[in-house]
Amino acid sequence: MHVHAFIEEMERLAPPDLAEDFDAGKIGLVVEGRTHIVRVCCALDATPSVVHKAVLASADMLVVHHTPLWTPLTALTGRTAGLMRALLSAQINLYVMHTNFDRAKGGVNDALAELLSLTDIESLTSGCIGTCTLSPAEISRRLGGNLRLWGDVKKCSRLAIVAGSGFDPVLLDEAYRRGADAFLSAEMKHSVARSSPLPCIEASHYSLEAPAMKLLSVRMDWLYIDDPPLLQIIP
Amino acid sequence: MHVHAFIEEMERLAPPDLAEDFDAGKIGLVVEGRTHIVRVCCALDATPSVVHKAVLASADMLVVHHTPLWTPLTALTGRTAGLMRALLSAQINLYVMHTNFDRAKGGVNDALAELLSLTDIESLTSGCIGTCTLSPAEISRRLGGNLRLWGDVKKCSRLAIVAGSGFDPVLLDEAYRRGADAFLSAEMKHSVARSSPLPCIEASHYSLEAPAMKLLSVRMDWLYIDDPPLLQIIP
Amino acid sequence: MHVHAFIEEMERLAPPDLAEDFDAGKIGLVVEGRTHIVRVCCALDATPSVVHKAVLASADMLVVHHTPLWTPLTALTGRTAGLMRALLSAQINLYVMHTNFDRAKGGVNDALAELLSLTDIESLTSGCIGTCTLSPAEISRRLGGNLRLWGDVKKCSRLAIVAGSGFDPVLLDEAYRRGADAFLSAEMKHSVARSSPLPCIEASHYSLEAPAMKLLSVRMDWLYIDDPPLLQIIP
Amino acid sequence: MHVHAFIEEMERLAPPDLAEDFDAGKIGLVVEGRTHIVRVCCALDATPSVVHKAVLASADMLVVHHTPLWTPLTALTGRTAGLMRALLSAQINLYVMHTNFDRAKGGVNDALAELLSLTDIESLTSGCIGTCTLSPAEISRRLGGNLRLWGDVKKCSRLAIVAGSGFDPVLLDEAYRRGADAFLSAEMKHSVARSSPLPCIEASHYSLEAPAMKLLSVRMDWLYIDDPPLLQIIP
Amino acid sequence: MHVHAFIEEMERLAPPDLAEDFDAGKIGLVVEGRTHIVRVCCALDATPSVVHKAVLASADMLVVHHTPLWTPLTALTGRTAGLMRALLSAQINLYVMHTNFDRAKGGVNDALAELLSLTDIESLTSGCIGTCTLSPAEISRRLGGNLRLWGDVKKCSRLAIVAGSGFDPVLLDEAYRRGADAFLSAEMKHSVARSSPLPCIEASHYSLEAPAMKLLSVRMDWLYIDDPPLLQIIP
Amino acid sequence: MHVHAFIEEMERLAPPDLAEDFDAGKIGLVVEGRTHIVRVCCALDATPSVVHKAVLASADMLVVHHTPLWTPLTALTGRTAGLMRALLSAQINLYVMHTNFDRAKGGVNDALAELLSLTDIESLTSGCIGTCTLSPAEISRRLGGNLRLWGDVKKCSRLAIVAGSGFDPVLLDEAYRRGADAFLSAEMKHSVARSSPLPCIEASHYSLEAPAMKLLSVRMDWLYIDDPPLLQIIP
């Protein structure tokens, strides 16, 4: 498949105009490789390890959620030089779907809702609310463990979920007013927890977003490269 | 003691010009109560529960680390109206020491270093590095538990510590170059963990900063009001 | 009446979207008190004296034209702490209608036009022009005296009026082009008077805006609290 | 005298680096005429009438306090075209001394202090405080009448004065803390009067600043052109 | 003809709303002279020499492409004072048509296309593309000589032209994608030439824009004042 | 030589703190290759052709004047992807000296002065003035031809030179006041030529700056790669 055709297909899956303004110039084809695409790999982040595996797999294209070129740069040095050398030398294209894939039908939040078997789903400004029949322990199990509960999570029959870093006071208020009794996301801050109107469940960023990339890989018959951060709890 | 004399004493403890620029107008006497100060209470945050206990204790002054008036406001409604009503009605003064107390001698970072029995301490831009003989399990015990370890924490013989939210790429690089083998702070973000040059130990923001307020209360003979956020782990 | 119902009624009288952009966040309910509203007081400004009288009158709500929280604040001290203590302790709500009430039908400019018996009224960008049969002496009498005339006010048969601080070069030009022969407002500046295309009548800000609050109080059966600034002329 | 020598002399009288930042590019020689200076006229403002009289007087130079080119312009039309045509056709230079002359020794505030026979003078950030033995009626007489008193002016034995538009909350607070019992300036605003810590005496901008230009003209043997705005009171 | 009628006619020729945003306040009547217009002169720039000739010609109006008041000014000194004195003293109006005339039908780009006998013309964001049967030598002859060729101009059968300073990477890309094989404009920069996707022909700014003013003068029966910059080549 | 030692040597030649603020982040090592440096190439620009020759020459380091990463980027595509692939794949370092080398002793302007045999040299804000005994024809010969003369270049006995794009009104005024009778630089603009106080000699940007890179290559025993833009005149 020509890279242009591949891009068109991706833009159908995750239309670029769904993206937040801050993603301007940071999604789509961010590293240009060869024009003919046969083998596609997919991951959450373009880490050195992921790129190395894509090279070994003779990939023509790597699809990720988080761009490694977030901060605009005028020099290619250090870690970034290494990553770009690996991709450019092997002529691997790098394609990014970020907030456009969060919001796309079948995208990051939808995959998370499916993983948690949510029903009666309503959209929020970001993420959604759904009816949840799982216990916190089962939620933890499905997300790979190591949840942190903030506040008194008595029940989570109506659960708000925002994949990624979603503990924002405005979103928490919205979820509360819309009837959520708990809020699941990643990267809690002390000041936000302090004034949250509802109890919160904090998972890792990776565990909330990787499922969508994995699911997409299955659907598209790509090679998914798993690379979770090493995280453990000392009680 | 007159409130002016009290303020002078506080400014000796935590000189306002040590504060970061973003604290301008947000430290010092942020709510003005009665002018004669007899009873002083102290806490990390001016939560509703803390203020309620200060009122019950007939406090004239409440000293905290985090101002409840962070966002500049043109209306007193909701949660803020309730807090301000409780303080103003009872004529309780509210005094804030923030980044100036983080950096003061005997301040927030020094109290944390003492709690973890660090020796051979060197200053960093924020926080410090010290020799640590504790195991991660003992660190966890002293900080009230529920640590998260990011990366492979093989040893932490030279430990960098930054009380509060200190996982910043620039600080991590500085600590790494200065010989730290682990970095302790709060509020880790996925993107920062991904590119950290050294393993990280994440505690709660409260557990890192409250010790300083407690220690200060003992030293000054104030009433310390403990109010940790409710946090539990599901492995 | 519930405070929500009261607010809805006020928003019908002075729709918030009529307000200038600079009023964003500074109109509506700016201090939140009790939710059940029985007694309402009204004034032009929330001065200490006005708030004191509202407390004595057991008001549940005070409606004013000028917010006392204009400058965004991160501390409640001095004069503002005193005002907020008086309102919050007594659980009096404070509601502000500013430029939205200037422009509302039956609002500040309309009340002034009515006081001066203007007819054949046309709207300006701010304020209006109307046919006026009063002499300057009679205008002065109706506005409580102490007018200053700038330039040669030969006649004011077509009088432009802008309640509040309206001596703006752009407005003066508009009024001149639309056929006004004099311009009534408050707070003249030397540079503006110097280049004004038509003679100006300067009254006090209070005398131009208070009539609307008084009229509204009569209409709504509220208690109007008059508090004009002390102003006298030495010829 | 060559125009360069004239400028040097003016810069000794009112050094440009005393000026406020907002005067950058708006003081000094703002219209360039002939290079040989014999006859000099002086006024507060470069009004059409003042310029006309300067032309009739065959002036080579007109010195004023307020520039007629305040707003940066990309077109010369209307009133400004008329003024510039009159000056440029007659080759009259226009020289402006603004906030640098306010603050200069023997400048605008000093001339006002002298006119009011102030003694024991201390500088303020702007203007000064001095002992005043005049009654408000006598002050009014010396300033040409039509004073407005705001608040209860019981005495003005220590009088703060700021020539021009000086009713600023920060200056009022400074004067109050420094022991003033009244504050004289021009262009009072309602919101400032409302929260002023001391009573205020409002004169016209012209009456406070013109004395300095008149005095300078006498001293330099220039022709002073008086052009007060037409202002009358209707009680 | 009254100057208002003249302006209306000019606004039909070059509608002001065609202008770029940066021309706001810098086109139209930028110097106001007498109101009755009989003799009109026209030139590309209001140079001292052009204005001098307009005065000698007893012009009432001078129409130019480039305003001499581009930088907003708060002083009339030096070269600008001289120009303004000449215009204002002689009461000559100065009217500017800039980017609005570039884009107008029959305007600057159209006149250039006509001069180069272009056919099959398509519009670009700025300028246009047309079929060109002239050799570079003949183009040079029609533009007064001294062309510089950047890159290998093999043919210019489809020539993109942008009168004025049009060598912009975005415009070059657009012309290339639209099938141009050469690009004619003025004021080439090294960095732009380095990455240009097609060869470029650089003429002088004057030679590209003056033809439109000359053509307009013929059409309107105005006096055209030619004043090309002195430019010669040393091979 | 280790790349760190190479960088130290370069920073002695062209100290980074001599650079203009706009060069922040855009000079120094902008592409990181291998750490051991044996073969060094040098050119004015990192064009595809220059990079290709550096690869063929087995360079470890390419030193240039103009960075190819000027505009901060969040994607590596098109021409830039090609350049970066060539450099990174071959592990060639790219080092940039820009305005710091312009101003360095023995740098870009000094090399140009030497090429033109200037004597009695005085520094300007940018560039310098020197006594020149060459005719314009000889200057043209030494610069590779194709000069454009703006205005009447009667003599150039005191010649101001600014390598690169230096026709700036402020620099032209400075050179004129300092006694220059002609000004040599590149990239003349019509508006600047129109108001220049002295005649100008326009050469190509390349011809003014390349000599310094060539001279440096000789001095350092590097391989200089010449790549002038293709430029020809049609009279």
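Descriptive notes on the structure:
So that you can tell them apart, the chains are marked A, B, C, D, E and F in the order they are listed, and the count of residues begins at 1 in each.
What we mean here is this: contacts are C-beta pairs under 8 Å (C-beta built on N, C-alpha and C of every residue); 3 or more make two chains touch, one makes a residue touch a chain.
For clarity, every value in this text was computed on a predicted model and none was experimentally measured.
Taken together, chain A and chain E share the touching chains F. Steps from chain A to chain D, minimised over paths through touching chains, total 3. Touch-path distance (fewest steps) from chain B to chain E is 3. Note that among the pairs C-D, D-E or A-F, C-D reproduces the A-B interface, with over half of its contact pairs the same by residue number. Here chain A and chain F face each other with the same set of residues for the most part; over half of the interface numbers are shared between them.
Note: centroid distance chain C to chain E, computed from Cα atoms, is 53 Å. Taking each chain's centre as the average of its CA atoms, chain E and chain F sit 32 Å apart.
Note: centroid distance chain B to chain C, computed from Cα atoms, is 46 Å.
The set of chain D residues that touch two or more partner chains comprises 70.
Chain A makes touch with chain B in their complex at residues 45, 47, 66, 70, 79, 136-137, 139-140, 145-152, 165, 186-191, 193-195, 204-206, 229-235.
By the touch criterion stated above, chain D contacts chain E in their complex at residues 25-26, 28-32, 67, 69-70, 72-78, 81, 84-85, 88-89, 91.
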